[in-house]
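Both complexes shown next keep chain A, but they swap its partner, so chain B is in the first and chain C is in the second.
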Partner chain A sequence: MPILETKGVKAYYSTPLGYIRAVDGIDLTLEKGVILGLAGESGCGKSTLVNTLMMNVRPPLRFIEGTIILDGKEISSMDRSMLKKNVWGVLVSLVPQSALNALMPTQRITDLVKDVVMHHMNVSEQEVVSMAKKRFEELNLEVDTLYRYPHELSGGMKQRVVIAISTLLNPKLLIVDEPTSALDVSTQKQVLKMLVDLKRAKIIESMIFVTHDIAVLRQIANWITIMYAGKIVESGLADDMLNHPKHPYTFSLVNAVVTPEPEVRNRGLASLPGEPPNLLDPPKGCRFNPRCPNAMEICRAKEPHLEEKSNRLVACHLVFP
Partner chain B sequence: MLLEVKELTKIYNVGLLRRKEIIAVKDVSFDVKPEMFLSLVGESGSGKTTTAKIILKLIKPTSGSIIFEGQNIEGINTLKDLRRYWRNVHGIFQDPYASFNPFHKVDRALGQAFTLLEGSNFDKESIINEALREVGLRPEEVLGKYPHELSGGQRQRIMIARCYILKPKLILADEPLSMIDASTRAGILKLFSKLRDEHKTSVIFITHDLGLAYYVSDEILIMYKGSIVERGPPHEIIEKPQAQYTKRLVEDVPLLYKKWSGF
Partner chain C sequence: MNPFIRFITRRLAFLLMTFFAFLLIIFALPRAIPGNPLASLLYQIIQQAQSNPDLVKAVYKKLLEEFGMDKPVHIQLIEFLGRLGGGDLGTSIAFYPRKVADLVFSYLPWSLGLLIPATLTSWVLGNLLGALAAYKRKTLTDNFLLTAFLTLSQTPYYWLAMILLYAFAVSFKFFPLNGAYSPGKTPTLSIPFILDMLHHYVLPFFSIIIGAMGGWAIGMRVMVIYELGSDYVSYVDSLGLPDRKILQYVFKNSMLPQITGLAINLGTILGGALITELVFSYPGTGFLIFRALSTLDYPLIQGTFVLIISTLLLANFIVDLIYAFIDPRIKTGYVGE
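And now, the complex of A and B:
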């Protein structure tokens, strides 16, 4: 049984001008033990999708339709109080993009820990603190950090602390949204190492990692899903997909990666022209067609659906005519 | 020599009761030749931005000097001279949104560039349109819009379009790509090389991303804790790093075709 399975999930932002279709018909299956890398340009709906996957949907975002099954439970039909009690923090934890700034400046880290744990478990404050100490030791974080205020910690340290606290209750699925985009490369590597260690120590079972940095995904993801304008355009095994991208959008994303290595130097610098579409009124047919170098007649008329061939899912008329 | 940075040091005094000295930049020296693409690479807090601010005459160094075209910039005191200096040495910063006034259309940011130019008889409209096309923007797509209506990439391209109007001798770009989507970084990076190739503009490119610096630089300076720890042509830095810090930096860059060990 997969840890997460969604069918036809749609979540739109409701605005006076109409719906912004940020998540528009997502079918996603995440097998147990997999690190899924979710990539795409800014504004393609990655962050909205991961929030929707755990049913953290609040106005102006609206859950339109679809089913989400997490660890065998249909969470798309649960109400908020039920989710808070039985799902969030216990089955799935999300470290949002702005987590570094979300720490309360006047509270010590221990206060945050108590807040998180005592919401779910009936334990004393001492027990919570000793639980956190044990976990920090396990993850090679200085236990001292627990007694500090957020401003005393560096960006990378804050991020590791937030991740450690989010996983205190051993959620089966951890979702991290752009955890390293604000960090320099050396700090980034420490955070990535910690995420891999969390899984190795079986503290978490599976992970969804959101980023626009494809080279980072190569380092940690087993499976990669590419999103464009609210839809999944390609999904597959990480190495296979980055070596042989099939969708023209994936191809240009991989081609835009700038890393200091011979393969990349030989192909030169390339970047994707144009801007992503306005999701209030997405293009007809394939949403990528206005920017696609291979667009055909049919791409402007008919929307392609995700189809599978040898462990790869692609939504493209060129690949599946 | 276009720009000479000589033994630059900047010390900040912080704290009210317990005074503490923070050495932000320590004895930094380098030269920028005409048409040179120089990158300053290092992690947060390595002193890159402080160095840039001193070169732009936004802050004063504790000691050391900046010589631009043979003249020590300490001697620039009047607003008129300062404007002429900024016309020649143009800064581009990390957050393109912060460079715009959110209440005015982007046209104004472009129009204001002309106030730095000498003379007054410009065909502003056609110069602006031409500059926008140079940076890969369609004038009708961006003119008449407010900064928040554009993407980060479009905003940064507009800031570079100003360089096509001003034709500075030196562009100082401080992390111009770190807030830009990975898929558009290469395109914007190419604009700096294009300015160098077509208008012989020198560029000082400040970044923490060794990958980006590797492609476009003639020389890379690696900064760590305020000092330059290594300098050389890009391929030597990547293939044969000497300093301990450079070695670590090169190892920590995630690659597309090679995985880290232990992951």
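And now, the complex of A and C:
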């Protein structure tokens, strides 16, 4: 049984001008133990998707339709209080994109830790503190950090503390939204190592890692899903996909990054012209067609669907004519 | 040296300098108002001793000497500061021969008794209702509360006081028209007197609460809405913390500016509620200041304002200290850890 399975998930932002179709018909299956890298350019709906996947949907975002099954439970039909009690923090945890501001400024880390753990578990304060100390040691974080205020920590430290707090209750699935974007390269490395350690120590089972940085994906993900304009365009095994992208968008995404891989290097660097489409009124047919170098007649008329061939899912008329 | 002590010393030095600057202003401003402070006192004497102009002249000269007004201004200033240093606020002209300190301390309890409970009540109510409106934002409750807050905060409070007075003391004679207790009674700690006092207390008390609550509520509502939109709220929300707990967090952070506001407000209490006290003829310091200003009673003006400024500065100083304990970021800013 996969840890997460979704069917036809749609979540739109409701605005006075109409719906912004940020997540538009997502079918996703995440097997247990997999680190899924979710990539795409800014504004393609990555963050909206991961929040929707845990049903963290607040106005103006609306859950339109679809089913989400997390660890065998259909969470798409649960209400918010139920989700808060039994799902969030326990089954699935989020490390938000704004992790640097995610800690309450007038509270010591221990106080937040106590509130979070004691809401979900029936334990005493001392037990929580010793539990947190043990976990911080395990993750090579200074135990002293627990008694600090957020403003006393560096950016990388805050990021790691947030990750540690999100995983305190051993959630089966951890969703990490752009954890490395605001950090320098050496801090990035520490954070990535911490995430890998979490999985190795079996604190978490599976992970969804959101990024727009293909180079980071290479280091951490074993399965990659590429999003474009609210839809999944390609999905497959990490190495295979980065070395042999099939969808023209994935191809240009991979080619826009400097890498030491000779295979990729030989193709030379290229950047993708144009801008992401307006999701209030997405293009007809394939959403990528206005920017696609290989666009055909059919691309403007008919929308391609995700189809599978040798462990790779692609939504493109070029690949599946 | 301990950085916190250094911080306190620096703040204290700053406090003293500000206080001194204020003293100069307090001394100079009444003297800039045209008019002779002795005029009304003199007028009474002239009426009594019309037939004897020499006596009037002699009395006038004696009065000038008594209040030191025959000396040059800079000498007067030095004398004023010197007396102040010795804890003497001087003698009132309008209430001659009563001492300013005596006057203030006989009027002050009424102002404190009225304003401390009223300010605290309106502050607590305003903050709670403001937080409620923010929590229920964009609902009917919020629309109703916000409209009420805006209307109340923009209503001139003296007008509100007069409406209350007209409605509940003139049209329906539920409450007495004026004063802090019925005329003819002497303040004692007996049950009938306290009941009489409370009876007089209701209208001024509510006119202050209603007038001040709206402003507090609007400020709190904005702060809470702002905090609810912050990243730490969405994070603890995604960790499954219950809404009640999240509201506690938000409330704590939203209270910071409100605490400053309260302290500054409490600092001005010594000055009484000038217009409210006038409307209800309530014998508080506001009433006293009004008398002092309308008779140009230099010593009384100086004395009352010195007290007001001192408490205001002291309140600000205490808030600075409290802040350092509530908000660790500010402590770091002060102390430079």
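Here, the second predicted complex is superposed on the first by the 310 of 321 C-alpha atoms of A that agree within 3 Å, B and C clash if a C-alpha of one lies under 4 Å from a C-alpha of the other, contacts with A are read in each partner's own complex, and residues count from 1 in each chain.
Operating definition for what follows: a contact is a pair of C-beta atoms (placed from the backbone, for glycine too) under 8 Å apart; a residue touches a chain by one contact, two chains touch by 3 or more.
Only a predicted model underlies this, so the values are computations on that prediction, with no experimental measurement involved.
Put chain B and chain C next to each other and count what each touches on chain A; the higher total goes to B. In the superposed model, A:85 lies in contact with chain C only, and not with chain B. Of the two partner chains, neither chain B nor chain C is touched by A:222.
In the superposition on chain A, contact of A:162 is made with chain C only, not with chain B. By the touch criterion defined above, A:29 lies against neither chain B nor chain C after alignment on the C-alpha atoms of chain A. Of the two partner chains, chain C is the only one that A:104 touches; chain B does not reach it.
No residue of chain A lies at the contact with chain B in one complex and also at the contact with chain C in the other. On the side of chain A, the complex with chain B involves touching residues 41-43, 155, 184-189, 192-193, 196, 212-216, 218-220, 242, 252-254, 256-261, 263-265, 269-273, 275. Chain B makes touch with chain A in their complex at residues 43-44, 136, 151-154, 181-190, 208-212, 214-215, 234, 238, 248-250, 252-260, 262-263.
Residues 54, 56, 83-85, 87-90, 93-94, 96, 98-99, 101-107, 112, 115-116, 119-120, 149, 151-152, 162, 165-166 of chain A are the ones touching chain C in the complex. On chain C, the positions that touch chain A within their shared complex are 230-232, 234-242, 245, 249, 252-253, 326-329, 332, 337.
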